[in-house]
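Sending over a structure as structure tokens; questions will come in a sec.
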Amino acid sequence: MNDVHYDKPAARFKLTRVGVSGIKKPIRVTRPGKETQLTATIDLYVDLPATHKGSHMSRNAEVLEEAITDASAGPTGGLEMYAAGLSRALLQRHEYATFSEVHISADYFLEKAAPSGRKTTEVYRLAASAFGTREPNRIRVKKSIGVEVIGMTSCPCAMEGVRELLSAERRDCAGMLATIPVITHNQRNVTSIRMDVPEGSDVEADVLIDIVEKALSSPTREILKRRDEAELVLAAHRNPRFVEDVVRGVLEQVVERFASLPGDVEVSVRSVSKESIHKHDAMAERVTTLDELRS
Amino acid sequence: MNDVHYDKPAARFKLTRVGVSGIKKPIRVTRPGKETQLTATIDLYVDLPATHKGSHMSRNAEVLEEAITDASAGPTGGLEMYAAGLSRALLQRHEYATFSEVHISADYFLEKAAPSGRKTTEVYRLAASAFGTREPNRIRVKKSIGVEVIGMTSCPCAMEGVRELLSAERRDCAGMLATIPVITHNQRNVTSIRMDVPEGSDVEADVLIDIVEKALSSPTREILKRRDEAELVLAAHRNPRFVEDVVRGVLEQVVERFASLPGDVEVSVRSVSKESIHKHDAMAERVTTLDELRS
Amino acid sequence: MNDVHYDKPAARFKLTRVGVSGIKKPIRVTRPGKETQLTATIDLYVDLPATHKGSHMSRNAEVLEEAITDASAGPTGGLEMYAAGLSRALLQRHEYATFSEVHISADYFLEKAAPSGRKTTEVYRLAASAFGTREPNRIRVKKSIGVEVIGMTSCPCAMEGVRELLSAERRDCAGMLATIPVITHNQRNVTSIRMDVPEGSDVEADVLIDIVEKALSSPTREILKRRDEAELVLAAHRNPRFVEDVVRGVLEQVVERFASLPGDVEVSVRSVSKESIHKHDAMAERVTTLDELRS
Amino acid sequence: MNDVHYDKPAARFKLTRVGVSGIKKPIRVTRPGKETQLTATIDLYVDLPATHKGSHMSRNAEVLEEAITDASAGPTGGLEMYAAGLSRALLQRHEYATFSEVHISADYFLEKAAPSGRKTTEVYRLAASAFGTREPNRIRVKKSIGVEVIGMTSCPCAMEGVRELLSAERRDCAGMLATIPVITHNQRNVTSIRMDVPEGSDVEADVLIDIVEKALSSPTREILKRRDEAELVLAAHRNPRFVEDVVRGVLEQVVERFASLPGDVEVSVRSVSKESIHKHDAMAERVTTLDELRS
């Protein structure tokens, strides 16, 4: 059959990214001591030179199907290793491309504990990316791993405001109100972090999840009996945090825990609160490198 | 041109609903003292007898386009009147249909006040429906109007739990803690109500919005300076409410405010809290009639 | 701790449904010859009498966590068996409830073949529900299983229209144009079916997926090399289908394949085409029983 | 009241962006000869220095409310002018910020014509952005306007494949099949373009919409009677286009129509087809400048 993709295009412009998005596949990843099956959503792109009318998109789907078959045969490493393998295979298969890009995201479950120690299965979201570049004698791949964590923030500003209001109203309690956490607004928060994973290094998604949960006013848990609920709520109010504080708290831990990673590692952190007092969200973000954070 | 829609279908089954969904149009509605332009999303369906292969869906789009032209010429009444007109026109245009169904939803804005009286523009969601039935000599239409309101709930159960915990920890404050609202979890809540609007009656969307805002722990406002914020948060904690309480609070006001409506008016109320302490939502719902509520 | 949920509510109304929605969990289901892990989204509700202020929602999460533990211990049956077990457990745990409702949905993968026989992994969506009712000496459970299938429809009406236009323009080809499938609009279609699964009966999700794929103009496949693509496209145009035809085609097969199921089994089928020639969707639906379909 | 936002943060990191997202407001924009009311969704951010604990997010909502009041008083220009005004006001209000960012998107309606000339109201999506930078003696603002257009693509590759298959099958028709457009897959496509609008220049959203509709296989229309439908489908098949072709077709027109704009104007174009033969989407994108496109 005549392959139209190799025709000359009518308009001579190269394209930055061409490919398929929103492919869903079951993916099996392996981490030390465990193997996890994920329902992943995947995007696969390569660039396209000005000389080619079309990219062979069916090759993207083939590369993915083969990766699934390979993965079921043996250990794959983490999700960012999976993405890296795909970005490499894309450049091998699309001989005209100089660049490839892969994004994979999936729900992910961990067993965590409520304040009482009771076990609950918690859901997180993983997001891995890989960017391949064709160099004269090799393919270079840059990869990253990220997590998205649902948790809780309680507002430090409204807590002070309420303390003042309540103290003015109840002068008999003012002394005591200065010594206990008081009412504020709190809400569901979604915080995500993404970090480059340099060749030969390891960044565990479970560690990133732990970092985020420590930076929130409190993590959330799916099962909370009455005492657990009260303890979690109280803990969240002993640790009131703006979205700004959450982002900075994540960055602080990143600097501490990844001291051995090179300085050019890119890090981005974003925290979004579904404000309980507003119909809109509050957001804070930092896009940076380890070098900048260390200086 | 030969019209395939009138062909006999291969399989002889009637269909419950056939039509178009997700049409977006600008719609102009008129209420006493104001005229509002809405960006509406619309679904239009009729039934299809077993004898017809296809429904003439382009007629649905035509009916809608004509309604827009008519509406720009003169007053239309509320969104449910608009839906009723469409359901009637659908049955006139689809001569083979015995039933029609119309759904319209749109963002809607009202000027409200923060606790300080400061004006803010707040967003709500309107939802109107109409169901037409062809009877021997006429078309009968049943219509409803609904609103969706974003607000705030604070949890009465966790408030008691925290009070107990704090009192045990701080025996010196136990007496005072019994007399003030204390910490609990609070969160963004989305509560909706939908009510039939019988012929000749009037149910104002603005009244339904007011009813829902009164049933929440507190309404939310888009602009809150520090004192406003503290007052709103404190008010919400003086009025802790489960989603169950919100639904019942709405029902109670419906019974009071719509005493003159007939008993067969259907009412449904739903309240969903984006729980700040969980990754999932809490929901309460009542689907009923005024007769049931009054008994 | 004092349990506020057992307090008398301020307003005395029973509630139709109270519970948790959007819980994500890993679920393991077993079918003859295979075991599948799913990433499921789950809603769990019970009713609430007028005498109780609140439903104990943490019990819903507990019931679910226990089901996950039980499921990892042994075979569970299909997703609707899983839902049925949850609806039963909800009524056991909520002693005040008379009704329970469970919804579970999850992406699901099957190996299918392109026209050339080439294997591809295809994604579908499963949806199971169960409704429990407390009767004097037992709990009665009604359950259903459903699938959502993405496929392709090509329009029979536009095909006739184009045939007429082209024949008028090219009178030399009119004879031939009457004997081959010609151009029409085709598009992504999402068709779903849901059926009750009576006690002691079996309705396989894989069979429902097969039924839907046969009723479409063509199923879609994730990997199509050029010849596969041409064959699939041609097959879809030899089988042009309105959304109305798709629904009727599914119903026809349901009557044939489930001849042994009782007549009160409820069946609902819905087909939605993301019309390529419009910005809106086309939809057809039938909500019925096997009795009605057989008559 | 004590303002916690001015406190020193626990961790000393500056933040890239802090603000509010998802605010919905009615916005009135004016273009030559018309005034349009939009239901807009808006994000407003500024940066935050390492010395400040929190950004005063209520100022963002105030800036927006004031802009709405101002806009109702007089002409505002296009949506990107509105965004530019907001980005400037953000820097005036947040004295500690050096950077501001504003995004506004809204549904937008235009009257268009079906092939027969029949009028239909079509929906598009507008997206404007503005980025403000504080310089020693002034605030510099960079703004852009974009549109998102739903249309139709028909695949050139499958058309050739089907032509070969059909010709092999029907050797009697091979000659004729070489001279007419034949069957292929076609689908709903969403193409967007975004362009910088330099100070003193004008880029009309209506022109961008026209450019995109010309680059597609065919625009779509909400009302198509049978002949209109056949003509639109036939036209789309006389103009088969990959997503790659659509992007290049847009770029070609941009170079022609905006010859007077400076070379550093950034342009990004993206085309996504909801493939009718796959469960996933196909995407092509170019991110570039006018200088690059002109070379």
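Letters are used for the chains, namely A, B, C and D, taken in the order the chains are written, and counting of residues starts over at 1 for each.
Convention: a contact is a pair of C-beta atoms (placed from the backbone, for glycine too) under 8 Å apart; a residue touches a chain by one contact, two chains touch by 3 or more.
Keep in mind the model is a prediction, meaning the values are calculated, not measured.
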Most widely separated chain from chain C, with each centre as the mean of CA atoms: D
Chain copies touching (chain B, chain C) - same or different residues, decided at half shared: same
Centroid distance [mean C-alpha coordinates] between chain D and chain C, Å: 35
Approximate Å spacing (C-alpha centroids) for the pair chain B, chain C: 26
Centroid spacing, where centroids are CA-atom means, of chain A and chain C in whole angstrom: 31
Contacts with two or more other chains, residues of chain C listed in rising order: 1, 3, 23-24, 61, 123, 157, 161, 164, 222, 224, 226-227, 229-230, 278-280
Chain contact graph, described as a line, ring, star, complete graph or other shape: complete
In the complex with chain C, residue positions of chain D that touch it: 122-123, 150, 152, 157-158, 161-162, 164-166, 170, 172-173, 176, 179-188, 218, 220-222, 224, 226-227, 229-234, 236-237, 274-280
Footprint of chain A on chain C - complex, ascending: 1, 3, 23-26, 37-39, 58, 61-62, 65, 68, 106-107, 109, 119-121, 123, 222-227, 229-230
Residues on chain D engaged by chain A in the complex (per definition of touch): 1-5, 9-24, 43, 45, 48, 53-55, 57, 61, 156-157, 160-161, 164, 242-245, 247-249, 251-252, 272, 278-288, 293
